[in-house]
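Given below, in the form of structure tokens, are the structures.
In what follows, subunit A forms one complex with subunit B and a second complex with subunit C.
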Partner chain A sequence: MKPVSILGVAQTKHCARRDDANYMELAFEVIQDLFRKTGWSHDRVDTIISASSDFWDGRTISEIAIQDPAGAPGKSASKVSMDGAFALIYAAARIASGAFKTCLVVAHGKASEGEPRAIANAGFDPLFQRPIGIDDHTALGLQARRFLEKRGMLGSVLAEAAAQSAAAAAKNPNAHRRAAKHVLAADPLHEDEIAPDSDGACALLLGEGGPVELAGFGCATDAHQLGERDLGDPGVLPRASLEAHRMAGVREVDVAEIHDASSAQTLLWREGLGLPERVALNPSGGAMGAQPGFATGLVRVAEVCERLARGEGRTGLAHGMTGFVGQAHCVWILRRRS
Partner chain B sequence: MSEPIAVRATPELHFRYAAGRYGSLFLRGLGEGRILASRCARCPRTLVPPRVACTHCFGKMEEIVEVPPRGTLLAFTLVAFPFLDPFTGVQRPIPYCYGMVQFEGTDNTFQYFLSEKDPSKLRVGQRVEAVFNEVRKGELGDLLHFRALE
Partner chain C sequence: MNPEQVEPVAVEGRIRIPYRWPAGRAAGTFLSLLAAEGRLVGLRCPTCRRVAVPPTARCNSCRAACEEQVPVGPGGSVTTWTLSRRTSPPQILALVRLDGADTALLHRLIGLKPEDVRSGMRVEAVFEKDRRGSILDLAGFRPAPAEPPSASAGKPAGGAR
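On to the complex of A and B.
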């Protein structure tokens, strides 16, 4: 296998609503920014892997909107309908195999164009679950309830974790939610304890010789049905984490960015990843500061990459997830090349 | 064995698609009875509707130009299946024809309704012109259809 490194990253400033940019314009913005930063151009990109959701975009074959800015016509391009962190596996494999020299990875999400809760509801079993009004937020509520119950914790820990994320997001120019109302949303979760719906995009360039390498990854999928999992446990996350650490030959990282859809997940995923207190978790504010659909996990990778490239640590962990309340996890270990 | 059960569901999802900068320009242009295109300085190509990234060389299309509201019919077909207009949720009267029209001075084709409902009266290479509604709102429907010039 050839080593795979990140040649550059870019992300948009994430917002609650971007009416000024359609999907193509959003992708164009982030890809042009990536090229500006890396000095690259379309001519030198061999293949394109993207991540987006047909359901969220309101069109089947959701990559159609981003193909032109990605320079996909005429090249080998493919899409993963999962979080961008999973798409990165596909992209990295293209480089590691030696089949391609450079890969452009793009992920986008525009929650403002659809009805996030209704779309989430449609992601559940149509016969037995949808009719009860289940969606991503109420499922997060169930998870938070199980989490508090199993740990014997009070709801105040959720508020504390949310406040920490908000403080970090306040320092991140790309995050958009720095404060939210503490009103009950999906018991026991309050509005400020649930990640926002965002519009945004993220792009990465993979190849050889970049400052930060993809040292290892692990991913695992759990049962889709909430009734088959104890939501108060981190589920298959420890397994994905172990796999990633093993592959990278890394025992402990210096920085971690995780996709936390609620402040209960901030705590639960930290536990599932086995991150000690010493490790800086979500210095960007994580998904609690901006959650741009299927770009959320790829933004975590970009955040970690930038920090390592700046010399803030030597190894880092980035986490993305797909499905409801952590059905599938993907964990990446990044390492600065010295 | 008793009959297997199938449950009918009628989920409804609503979207609010951002037209963005270029799409908004195009729709406003239709509102003024004009066809706007984006021009690429490198290729150089002129494409309708306008878009930020050139579909052929992927660079930024900087220039917006107005093109004549007439062109050449390059392909056409008949729509005969019951079809709901996604904007209104109302079925369009069928059958009708739509076609691919290359506007004068452009390098791609634009697909839209044709006034002619009988495909046997249409011909590839035929000259057509855009017909706009009297009352326009800055939306796709401002463009009524293409009709034959000959």
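On to the complex of A and C.
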């Protein structure tokens, strides 16, 4: 297999609502920014992999609309309807196989176009869970309570974790600025302890010879029915993490960016990844700082990549998630080439 | 016209598509018995003995084919809960581990106030009178005074993993 490295990354500023751009323009904006930063152009890209959700975009095969901004006509392009961190597996395989020299990876999320809770409700199975009225936030509430009670923790740990994320996000120019209140939203979670619904996009260019390499990945999927899992545990995350560390031959990382959809997940996923205290977790504010749909995991990869490229550590971990309350996890290990 | 000066235009829309979802053999049997007899059943795995509710044709723990039907409930215990504010009044959503089951069922708690809910509390199924083969043939779970009939009750969900 050929080594795969990241030639450049770009992300938009994330916010509650981008009425000035449709999602194709949002994708175009982030791709143009990527080319501007890397000095690359459409005609030097061999293949394109995108991540998007038909349901969120409100149209079937929604990626056909971003093929034009991605410069796909005449090229091999494909899509993953999972978080961008999973799409990165597909993209990396295209480079590792030697079939392609460069791959553009693009993911977007435009929560403002639909009703996020109603869309999430429709993501649950139609026989047993959807009719009950569950959505992503209430699923996070079920998980947060089980997590607290299993460990005998008070709800104040959720507020503390959320405050840490908010402080980090305040220093991130791309983070979603919001005025979340400390009012109960999905007990025991308060509004400010749940990640925002953001509009935003992220793009990566993969190829050979970049400053940071994709050293390993691991992913694992759990049962869909919430009642099949003990929501107070990190579930299959440790398995995905172990696989990624093994592939990379890395024991410990210097920095980690994770997709935490709630402040309970900030704590729970940290535990599941086995990250020691010294590892800087979510210096960008994580998903609690911006959660632009399927771009959220790809933003984690971009954040880690930029930090390593700047010399802030040699190895890093990026985590993406698809499904509800951690049904599927994807863990990447990145390494700075020295 | 300078594009920067144009008010953004947004087109409103709504997608409504009717679906018909066959429940399959395992879930279909569960829903049929619920509708016809007001009875709850799980499927026991022949290999790891795990009882799944809602039942699945294959064990999600060890992948063996499951055919042995076992009665579960109508009592159970709450493993975790939250409050859904999408409806008015808010609904209490909970995972309820039915007696005899190793997994938990997502449903609503009824007949009690949020401040009176506790994880681990005993509840019992309340059936609708007019049933049509849906998980909503169960109106929800209400508080039950009785102690767990078996020693295994009160365990968290996700048992044989």
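Everything that follows uses one rule, which is that the second predicted complex is superposed on the first by the 335 of 338 C-alpha atoms of A that agree within 3 Å, B and C clash if a C-alpha of one lies under 4 Å from a C-alpha of the other, contacts with A are read in each partner's own complex, and residues count from 1 in each chain.
Everything that follows uses one rule, which is that a residue touches a chain if its C-beta (ideal position, glycine included) is under 8 Å from a C-beta of that chain, and two chains touch if they have at least 3 such contacts.
Everything numeric here is computed off the predicted structure, so don't read it as measured data.
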{"item": "Subunit B versus subunit C as contact partner of A:H42, first or second or both or neither", "value": "first"}
{"item": "Partner chain in contact with A:G141 - subunit B first, subunit C second, else both or neither", "value": "second"}
{"item": "Which of subunit B and subunit C A:R177 touches, first, second, both or neither", "value": "neither"}
{"item": "More subunit A residues in contact - subunit B or subunit C", "value": "C"}
{"item": "First, second, both or neither for A:K110, with subunit B first and subunit C second", "value": "first"}
{"item": "Touched partner set for A:F28, first subunit B, second subunit C, both or neither", "value": "first"}
{"item": "Touched partner set for A:Q225, first subunit B, second subunit C, both or neither", "value": "second"}
{"item": "Which superposed partner A:P126 touches (first subunit B, second subunit C, both, neither)", "value": "both"}
{"item": "Which of subunit B and subunit C A:K79 touches, first, second, both or neither", "value": "neither"}
{"item": "Which of subunit B and subunit C A:P69 touches, first, second, both or neither", "value": "first"}
{"item": "Common interface positions of subunit A, toward subunit B and toward subunit C", "value": "19-20, 58, 126-127"}
{"item": "Subunit A partner contacts - residues on subunit B that touch it in the complex", "value": "7, 9, 11-23, 51-60"}
{"item": "Partner subunit C, residues of subunit A touching it in the complex", "value": "19-20, 58, 117, 126-129, 131-135, 138, 141-146, 149-150, 184-189, 223, 225-233"}
{"item": "Complex contact set, residues of subunit A against subunit B", "value": "18-25, 27-28, 32, 42, 55, 58, 68-71, 73, 110, 112-115, 118-119, 122, 126-127, 130"}
{"item": "Residues of subunit C touching subunit A in the complex", "value": "8, 10, 13, 15, 19, 21, 23, 27, 31, 52-54, 60, 79-87, 91, 93-95, 97, 103-108, 114, 119, 134-136, 156-158, 161"}
